[in-house]
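Labels A, B and C are assigned to the chains in the order they are written; within every chain, residues are numbered from 1.
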Amino acid sequence: MIQSINLHEDRLFSSDVTQRAIAKRLYKTVKDLPIVSPHGHTDPEWFAENRCFSNASDLLIKPDHYLLRMLFSQGITMAELGFDDGCNNAEQDPLKIWRVFAKHYYQFQGTPTRLWLDYVFKIVFDLEEELCCENADAYFWHITRCLQTDEFRPRELFEKFNIEVIATTESPLDDLRHHAKIAESGWKGKVITAFRPDNVVDPEYEGFEQNLTTLSNITKVNIDSFSGYLDSLKSRRLFFKKMGATSTDHGHLTARTLDLDSQSKEALYQKIRSQKFSSADADDFRAQMLTEMASMSIEDGLVMQIHPGVYRNHNELLFQRYGRDKGADIPLVSEYVENLRPLLNRYGCHPDFSLIIFTLDETCYARELAPLAGHYPALKLGPAWWFNDSPEGMARFRKQTTETAGFYNSVGFNDDTRAFLSIPARHDVARRVDCAYLAELVADHRITEVQAESILFELSYNLVKKAYLL
Amino acid sequence: MIQSINLHEDRLFSSDVTQRAIAKRLYKTVKDLPIVSPHGHTDPEWFAENRCFSNASDLLIKPDHYLLRMLFSQGITMAELGFDDGCNNAEQDPLKIWRVFAKHYYQFQGTPTRLWLDYVFKIVFDLEEELCCENADAYFWHITRCLQTDEFRPRELFEKFNIEVIATTESPLDDLRHHAKIAESGWKGKVITAFRPDNVVDPEYEGFEQNLTTLSNITKVNIDSFSGYLDSLKSRRLFFKKMGATSTDHGHLTARTLDLDSQSKEALYQKIRSQKFSSADADDFRAQMLTEMASMSIEDGLVMQIHPGVYRNHNELLFQRYGRDKGADIPLVSEYVENLRPLLNRYGCHPDFSLIIFTLDETCYARELAPLAGHYPALKLGPAWWFNDSPEGMARFRKQTTETAGFYNSVGFNDDTRAFLSIPARHDVARRVDCAYLAELVADHRITEVQAESILFELSYNLVKKAYLL
Amino acid sequence: MIQSINLHEDRLFSSDVTQRAIAKRLYKTVKDLPIVSPHGHTDPEWFAENRCFSNASDLLIKPDHYLLRMLFSQGITMAELGFDDGCNNAEQDPLKIWRVFAKHYYQFQGTPTRLWLDYVFKIVFDLEEELCCENADAYFWHITRCLQTDEFRPRELFEKFNIEVIATTESPLDDLRHHAKIAESGWKGKVITAFRPDNVVDPEYEGFEQNLTTLSNITKVNIDSFSGYLDSLKSRRLFFKKMGATSTDHGHLTARTLDLDSQSKEALYQKIRSQKFSSADADDFRAQMLTEMASMSIEDGLVMQIHPGVYRNHNELLFQRYGRDKGADIPLVSEYVENLRPLLNRYGCHPDFSLIIFTLDETCYARELAPLAGHYPALKLGPAWWFNDSPEGMARFRKQTTETAGFYNSVGFNDDTRAFLSIPARHDVARRVDCAYLAELVADHRITEVQAESILFELSYNLVKKAYLL
C-alpha cells in the first residue's frame, strides 16, 4: 500500500510532552522568518537568465552528491544515473533515471536527504504520496511539468521561498557576468557572490600556473613578486566586494596557517612560481596565504571562512571517469589549536577581523573549536556542515559547543547547497532542531522560555546577518 | 534485603510514554526471531562432543574477559579468580571463586555485563533473586546442577536459544575436526567456521615462520615464492569454504592497506621470509596482505571482515603470567580514510567484493566510516563492537552512522563472544536498543512506524543473513 | 521587563515525568550531604586571615577565567575588565567593571558559568532579579555590602557551605604558612594542601634552575645527583603530608611517562642540570618524573593525579600583557594508552598505588580511559574537568565511561576552582546531573532505584573520600 508523505507538523521535536509544547511555541516565532543563505553553491546563471529547469532528474538527482553517493554505495552504477564514463553507456532517459531513484528511495530512510526531499515533494510540488516504484512515473511527470511553468522559474521560486539574500561562490577568475546581469535586470532578489580563491592560492590545484597568468591578465597587475601577486588578489577582492560579496571562503585540506617574515614569503613565492617545489612547500604556501587573506580581510572588510578537512576525490577511478563532486569526498581528522595559532596570534584579537571556522571532525567541537571561539574575539563557529548538516549533527554541534562558546560565538545556519529546491527544507530542519534543543534547555530549567525565544531569533536570523555583514 | 533480579519487560526502552509504546510494539515483531550469529568465538568442540559444562565458575567467570577485567580493576587478584601465576597459588575451589564474584557483583551495575548476566540467571537458569553474598552458594549449586542435566548440554542450549546459525573462528592451521564431526553427526544445528589468518599473515605473530612451514605442509604447496604462499592460503580458504565458512576475519593493529606492484611484493615477501625485516616491513606486509585477501575474496566469494585498533596485552606482567585474553586489551586511535584507500581504490567498487569494517574508535563513525560506507559499494559497517557492544555504544553507533550511511550499509548485530550462555541476552539487548532508537525516530516523525517495522526486521535478521551470505 | 532568577527546584532533571520523579527522590537523599572538595585552587590565606572580601568585581569577575574568556571573545577588552597592559588604561572602578559584566551577562546563557552565578546570586546573596543593566548598580552594592559583614568572611562561608574538607594546591617551594596558621588557630574547618611540583620537575618551567636551588636550600639536601634531587622532593612530600596533604597533582602537557634504567636517569638529570638540553630531553625528563612520583606515592601514600592536555597561554600577546590564567588555555588531542604504559607496567597493579587521571579530550573516555581504568587496579577516572565541568560534559563522562569502567573506578566530583563562592553551586550541579543520569538508568530499567540510591551516595560523597584518603 502506498503511504502518505511523512511530514508531520511537529517533526524533529522531542516526543516529551513538555518539550514538544515549548518547541511548538518557539517554532511559531521563527518559521516564517526570511531565509538568509550566506554560503552556498547555487548557480547565479539561474537567477540571471531565469530559464525553466529541465526535468525532475536533471534538477533533483544528477547534481546532488548526497543522492549519488548513497545510490552508488548500494550498487547503482553511475551509468544508470546518467553519467558517461566514456563508453557511451550512460542512461539518457531522465524518466528511467528517476525510476532507479524511486526504486531505492527507501534506502534514504533515516537520512537528512529524505527529510529534505519529502519536504520538496510535498511543500514545493504539492505531492501527497510517498515516492515508490508504483508512482515513480507520475512523480516524474508532475515535477517535470511543474518545472515548465512560470511559478517554478528560479526567480519565482526565490521569492516564494522567502529568501532575503543568497550568496553563491566564485573563483577570482570569474567575471561575475551573471551577478552583473542580475544587478542590471532590476529584479529585487538579492544574489551576491563570495570570493573563493583556492585555484589561485593552492600550488597543487589543477592549472595553478595558468590560473595565475589569467589572474595577472584580468587585473593587469605584474605578479612576478609576492607583493604584486598579493596586489592582484586584493584587486579581485575589491571587484568581488563591489559586486556584493561580503565574505571569502577557503577550502584547504587542513586549517594550517603560517606567519613568515617578508623575506621568507618572497622566497617561498619564487619557489612556488619556479614550479620546483615540494609538497611541503605547497602546504607552507597555502598556510601563509590564509594569513595573508586574513590581513586583506582587515583591510577590505570581507569576512573570512575556512572549510578544511576533506579528502577530495577519495575514489580515484570514479574521479577519473566522472570528475569532482560525485559523492566520493571523505572527511579527515582535523586539528585547529596548533594550526590556527600563527594566524590567531597575528590577527585573532583585531577588532576589524572576523573569521568563521567550519569542521567535519566533530571531535574538535568541545575540545578545540568552542574553547578557541570562546576566547578569540575574531573567531566564530560555523554551523554543523555537510555530513553533519543533519538533525543529529546539529544537535551534537549545539550540545558540544554551547556550554563553552555560548550562542553568541556561533553564526546561525548555512545551507551550503547547490540543490536550490531544498533550501527551504534545510533551513526548516535547522530551525526545528534549534527549537528542539532550546525546548530541552527550557524544560530542564537551564534557560527560561523568554530567553529561548530571544536566542532562537538570533540563531534563525540575526546572528547570520551580523556575522556575514548582510 | 535481597532484591529480585531487575529484568523488566520494557528494559532499555525510553521512559517517554510515546516512545515506549512504539518500542514495545516494534519489539514484539522481532523478539522471537531466530538468532543469526555470524561472528564469534564459541568452541566448536562443545557442539561436536556435546559434553556437559563443568560448573558455574568455569563456564561463566574464568573465560569471560569482561568479568575478569572489572574484578581485577577493583583489586581482586588473578589467583583469587583461579589463575595460576606459576606459584601454585591459584584458588582451586570453583565455589570460592564464585563467592568472590558474588561479593563484587554490585560493581557491574551500569555495565552490559550486568544486563547479560541477569538475563542468563533469570531466563536461562530460572533464578529469581539478585546475586549477592547471601545467596552465592545457592546460586553456584543451582547453576552447576543445571549444567549436569541434558537440557543444558551445548546442542540442547543451541536449540533452546533458537540459533539459526553460528560461526566460530579458526586459524588456517586448524584441521576443523570439530566442524567435521558436527557435520557427520547428523545434528541439524548449523555451526560454521570463519577463516582468521592472523598467525600466517602477520610476520610479528608468535611462531610466524613455524606457522608458515605448517601451512606449507598442510597444503602441500611450496611457499618459497610469494605466489606459492598465496596459493597455499587460497587452498586453505577453499577448505574452510567447503567446511561452511562464508567469511574471513582480520585482526590487525591498524586498518592500513597497501597495493604494491608484483616485483615489490615478491621482494617484500623474501625479506619477511629471510627474517631480517624491520617493524615497518612487517607492517607493509600486513597491509599488502589485506589487499591480497580482498583479491581472494573476489575469487572465492568469502566476505572479508577487518577488526583493527586494539593494543593487545597492554599489561605486560599480566600477559607473561596469565597469557592472552585476560581483559588487558585496550583500544587505540584508529584511521580509515588513508589506510583503506589502497584497498578500496583497487577493489572498493568491485561487484563481487564485500568488506565489513569494525572499529573501537567511535570518533571514526561519523567522520570516516559512515562517509566511506555511504560511498563504496563493497563496504559495509560492522556493528558496535566489544567495549561498544553496550546500550550506549549501540545507540552512539546508530546516531553517528545512520544519517550518512543509512540502515542498508550496516550489517545487523554480531555477538563476537565466547560466552555461549550470554548469546540470547546479547541479541536481546541489541534488538531492544534498535527498537528504542527506531521508536525515537518514529516519535519525532523522522520515519513512520511502518518504515520502522521493516527496518527493524532488516537490522534484527535480514541484513546479517545477506551480508554474511547465510 | 526584568525577569526573576531562573533557579527552578527541578533544574537539570529530565522533563520526562518518570525520570523527573525518580531524580527528585534521589536528589533529596544527597542535596544536604557535606561538600568534599579534594582538588581546587582557593587561596589558603583567605582561611588563615579570614579577612572580608573586597567587592563584587574583585571577587567574582577578575579572578574567574571562565568569565574573562567569554567577555573577551565578545569584544570586551582586558582594560575594561580592570587589567593593566602597562599603559595605565585599566578601569579602576569596580562598579564600572561590574556594569560591563552585567550588560553582557546574557551572553552566558546556556553555559555552566550562568548556572553557577545565578546560584551564587540567589542562594548566597539572596537576590531575586536576573542581573541586567538596569539592576547592575544595585547588584554591585548589595553584594559588596554583604561582603563587608561577618557572615560573608571566608571561614563563615566555609561553614555555611557545609564544606567537610577542602584541598588547596601549592608548589614544593611554598612554606605552607597559611595552612600552619589555620592549624594553629583552633578553627575547626579542614583546609589541606596538595603537592604540585610542576615548577621543579619541568625543565621548561620559568625559573626551573632557580627553583631547584631553592628546593635544595629549603630541604638542605644536595641535589647534584639524581638521587639527591629525588630525596629533596621526597622530603617536601613528607612535609606536605605532615601539613595535611593526601595527594599530588601533575599538570603536564601530555600524559607521557618513561621508565628508564638508573644510569640513563642520572645521565638525563645531569643533561637537564647542565642547561644544555633539547625540548625532547625536557619531555623525557617530565615523563620519567611522573614514574618517579608514582614510586614516591607508593612509599608515602600520597594519591597521584595527572591533569594533562592543555595548551597554556595560546594567545601570546595576551600572555605577555596580562599573564597566566586569563582564559586563553586551549585543550589538545590527548593520548593515554601508549603514554601511560611505562608507568602502568611498572606500578599499575601495585596495591599501594593510586592514580587519578583527568582529560580534556573526551574522545579518550570510551576509547582509552574507561578501558584502562576498567583493568588496572591502581587507576581511577577523575571527573569531567574544566571545559567539561558542565551538565553536558558530565553526562557525556558518565555515558561514555560507565559501561566499561563501572561507577567504582570513578572518584566523585572535583570543583577545581578558585571561585570560592561558586563551590556549593558546582557541587549542586554535579549532584543534579548524577541524579538525572541515574534516573534515566532506573526509568529504562537498567538499574533499580535501590541501586541508584546507593550509587548516588558513592558518587556524591563516599568515592571521593575513599579515593583521596579523606
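Basically, contacts are C-beta pairs under 8 Å (C-beta built on N, C-alpha and C of every residue); 3 or more make two chains touch, one makes a residue touch a chain.
Model, not experiment: these values are computed from the prediction.
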For the copies chain A and chain C, the interface residues, called same if over half of the numbers are used by both and different if under half, are different
Through what angle, to the nearest 5 degrees, does chain A rotate to match chain B on its C-alpha atoms?
120
Roughly how far is chain A from chain C, going centre to centre by Cα mean, in whole Å?
40
Where in chain B do residues touch at least two different other chains?
16, 363
So, in the complex, the side of chain C touching chain B is made of residues 16, 18-19, 335, 337-338, 341, 344-345, 348-349, 351, 363, 366-368, 370-377, 379, 399-400, 402-409, 440-441, 443-448, 450-451, 454-455
Within the complex, which stretch of chain A touches chain B?
3, 6-8, 10-16, 69-70, 72-75, 106-112, 115, 311, 314-318, 327-333, 360-363, 387-388, 390-393
